[in-house]
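Before we start, here is the structure in question, set down as structure tokens.
Read from first to last, the chains carry the letters A, B and C; within each, the first residue is number 1.
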Amino acid sequence: MGLKSYLSGLFKGFYSLLVGLRVTNSYFFHPSRIVTQQYPENRKTLKMFERFKGEVILVHNENNEHRCTGCGICEMNCPNGSIEIISKMETGEDGKKRKAIDKHIYHLSMCTFCGLCVKSCPSKALAFGNEFEHAVFDRAKLDKVLNKEGSVLMKGVE
Amino acid sequence: MQGVLYDFTGLIQSIDAVFRASMSDLWATVLEYAIIGIIYLVIYALIGLFLVYAERKVCAFIQVRLGPNRVGPKGFFQTIADFIKLLLKENIKIKNADGVLFNLAPFIVIVASFLTFGTVPFAKGLQGIDLNIGVFFIMAVSSMGVVGILLGGWSSNSKYSLIGAMRSGAQIVSYELSVGLSLVTMVILTGTMQLSQIIELQSDGWFIFKGHIPALISLIIMMIAGTAEINRGPFDLAEAESELTAGYHTEYSGIKFAFFYLSEYMNMFVVSALVATVFFGGWMPLHIGSWQAFNHIMDFIPPIIWFILKSFALMYVIMLFKWTFPRLRIDQLLKLEWQYLLPISLFNVLLMAFVVYMKWYF
Amino acid sequence: MAEEFVHLAVAGTEGQDLEINMGPQHPSTHGVMRFVVKLKGEVVESVQPHCGYIHRGIEKMCESLSYPQIIHLTDRMDYLSAHINNEAVCLAVEKALNIEVSDRIKYIRTIIAELNRIASHLLWWSSMCMDMGAVTPYFYAFRDREKILDIFEETTGGRLLYSYNCPGGLMNDIHPNFQKRVKEFIPYFRKSFKEYDELVTGNVIFQNRTMGIGLLTREQAIAYGVTGPAGRGSGFACDVRKRAPYSAYDKVQFNEILYNEGDSFARYKVRMDEMLESLKIIEQLIDNIPEGSYVEKMKAVIKLPEGEYFQQVETARGELVVHIISDGNKTPYRVKFRSPCLSTLSVMDLISRNQKIADLIAIGGSLDLVIPDIDR
């Protein structure tokens, strides 16, 4: 190849290398640009986004009441059977027998977080919770019962 | 400047006198050799361990992350933990490997690296061996490392380790030419090969300034070829589990692998110490001609600190090469040497000879 | 650093012919794909891919699920363009039911699709550079990708798999911070992009390793159906956003990036330029999102009328086509996804012939294969 192209190729190549070095050099001398978050130490200040899909929960208010009527629509809409509804018959205050929730079983190990259960619940009982630390040693712990102990249906929910 | 921190020759001579006074000459010599050997082994290991940690931290900062920060304060003891882990690993016996050579290869590599380490001038009077062919000795001895690499690849009894070792050997042998020519260029300027003399000659300015253009070209070539010599940076094709070959040290485990690994880092230290000595004055502070006041201020900082700062700055540059650039393919690597670096080095030798002849240097 | 980890399947006996197995496990982010490479010395003779390690039967599963339930499976095909995959099925269902979604839904879908394209190209860039040996771009790209994932997480709740689109519109409205975050992201990314150019694109070592490698002519690209950036790097003008616009693409001005050389570097340049074009599209749309509803009223149980419905979209890797055959029930009779990566994989053998084994990595990286898309 000609001398001119040899030299120009050499200088252009060398200059491109220097430009690259300048970029990484500037990162070394500005350690304030480090983005690592020290995870287990920052648990107290860690705040997830409010819509973050950590797990599915049954919303309980401060009186331990939830809104689930045991209708089973979430079970029908779930694509892979992560929800099992066990309902029982209950006599209400006005003497009528109607369906109520006994156990709302949620298989966290199978859930794909598609959101169809949350969206299709007619009484808006389900929601996504922000808890994301689900690692356990025993797989049975991932089958959760969503309605808490002693919780009752909120008044006025259809 | 006076004081033991600035000039170690007084201290060394007084220790020597104490030994020779209390026992016969022969025993004194043997004792001195033993003490110096042990000190050097310890320093070698310590610097090696520190360098592994430093590389991980430098690499992490370049990559906007933190690096080791759990084991010890700021992760300082990470390398010790890694070293203990390596010691505890099983030394896997390869079935058809050539027993003697397989075990010998890492030792050759580390001995070659250690020999070069012994000639590094740390401060005035603090130098293991001060030969009058210092530069030449370093070149010659570091070539022995190639033998270790080729032996390691061949005796692993694996076709791909052998190919990796041959490629690595070809790479090192080619780039030795550029390193040698670049050092020859500087020897033309200095007129001597003895390292302590080279440093003394820079007491009125470092050679990088005295030798302007040819010294600058020589420095650039030396940095590139030096990185290639030690199988690092963008030239680490032979050991990067890449493409076809698995590298010459795949079959090694435990302490033998640690030897290959450690010698690579120490070679990096020796290359940067050599560049610091020949181009940037070694332990000599920055002096400008005859500006007495400026030189006096510069002399305040002890020479050993100057040396450490310079060699660490150069090691930082070598580390920056590794983490910025993608890898070169083997044919591009060899093409770089034979078509670019070698002709430029030859031209540079002529240029420096001409400059010295015409006395166009400072 | 990590490149392909090589096992010896059959060591060469006489001469130099050799068969190498680039096993299903790779140290980089490619996925599970096995390549059996036949070599003659240093030169590649043929590359045979063995796929199917991550086949999950998505198309068959769709036959037993209702239409809103199909969406969460499409997320997992080409997981780097999850939004665009969701959008494809939603558009097909809406087309079948003759539902016209509001402009707000179209704008939001387009903005989110373009953000997804940028995130996907960032991940491609980082893993291609890592395969070449430069590890730092990986971290820079992921740091920028985190910003996009934060935008998605705030609105949809997911970081990689969203199921945000649903037939009829979107699952929830965009978060009030959405516009602010996107507008902050655009100038930040322009600045980062300049750094990427300086660090990698202009680098002489990188150029020497990718220029002239893996030539794919335009006729071959058309014959094998290689769409997406790989096809556009060979001059095949196949951008679905221009040829058959959907959502809000007919309302924005952008260029279709074409390069004619057909080598790895051209494919690389196409993707880098596409990131800037996506920024342009987002800039044009983000301030003008019209008011309206975020979901149209649909029946509780969606039943498509009998017939075949067809929708093509441009994912980050090429043209994804959704073909739904319905017989009137609430589950489809057959769903077929034409995946872009399968066609791109089919040219891998063709363009690797007579290249050195060391270049196979550059070629694989520039084709940008995501294996779950091949296997579905």
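The rule is short, and it goes like this: contacts are C-beta pairs under 8 Å (C-beta built on N, C-alpha and C of every residue); 3 or more make two chains touch, one makes a residue touch a chain.
Worth saying up front: this structure is predicted, and the values here are computed from it rather than measured.
Central chain by Cα centroid: C, whose mean Cα position is closest to the mean of all protein Cα atoms.
For chain pairs A-C and A-B, the one joined by more C-beta pairs in contact is A-C. Centroid distances built from C-alpha atoms place A farthest away from chain B. Averaged C-alpha coordinates put the centre of chain B at 46 Å from the centre of chain C. Between chain A and chain C, the centres computed from C-alpha atoms are 24 Å apart. Distance between chain A and chain B, defined via averaged C-alpha coordinates, is recorded as 52 Å. Taken residue by residue, chain B touches two or more other chains at 62-65, 323-325, whereas all remaining positions touch fewer. Multi-chain contact residues, meaning those touching two or more other chains, occur in chain A at positions 17, 20, 23-24, 35. Residues of chain C in contact with two or more other chains: 136, 143, 199-200, 203, 205.
On chain C, the positions that touch chain B within their shared complex are 1-6, 8, 11, 20, 27, 39, 42, 129, 132-136, 138-140, 143, 199-200, 203, 205-206, 208-209, 356-361.
By the touch rule above, chain A contacts chain C in their complex via residues 12-14, 16-17, 19-20, 22-24, 35, 49, 51-53, 77, 79, 112-116, 119, 128.
For chain B in complex with chain A, the residues that touch the partner chain are 58, 61-66, 316, 320-321, 323-325, 340. Those residues of chain C that touch chain A in the shared complex are 65, 68-69, 71-73, 136, 143, 146, 150, 153-158, 161, 163, 166, 171-172, 175, 195, 198-200, 202-205. Of all residues in chain B, those touching chain C in their complex are 62-65, 159-160, 234, 236, 240-244, 246, 323-332.
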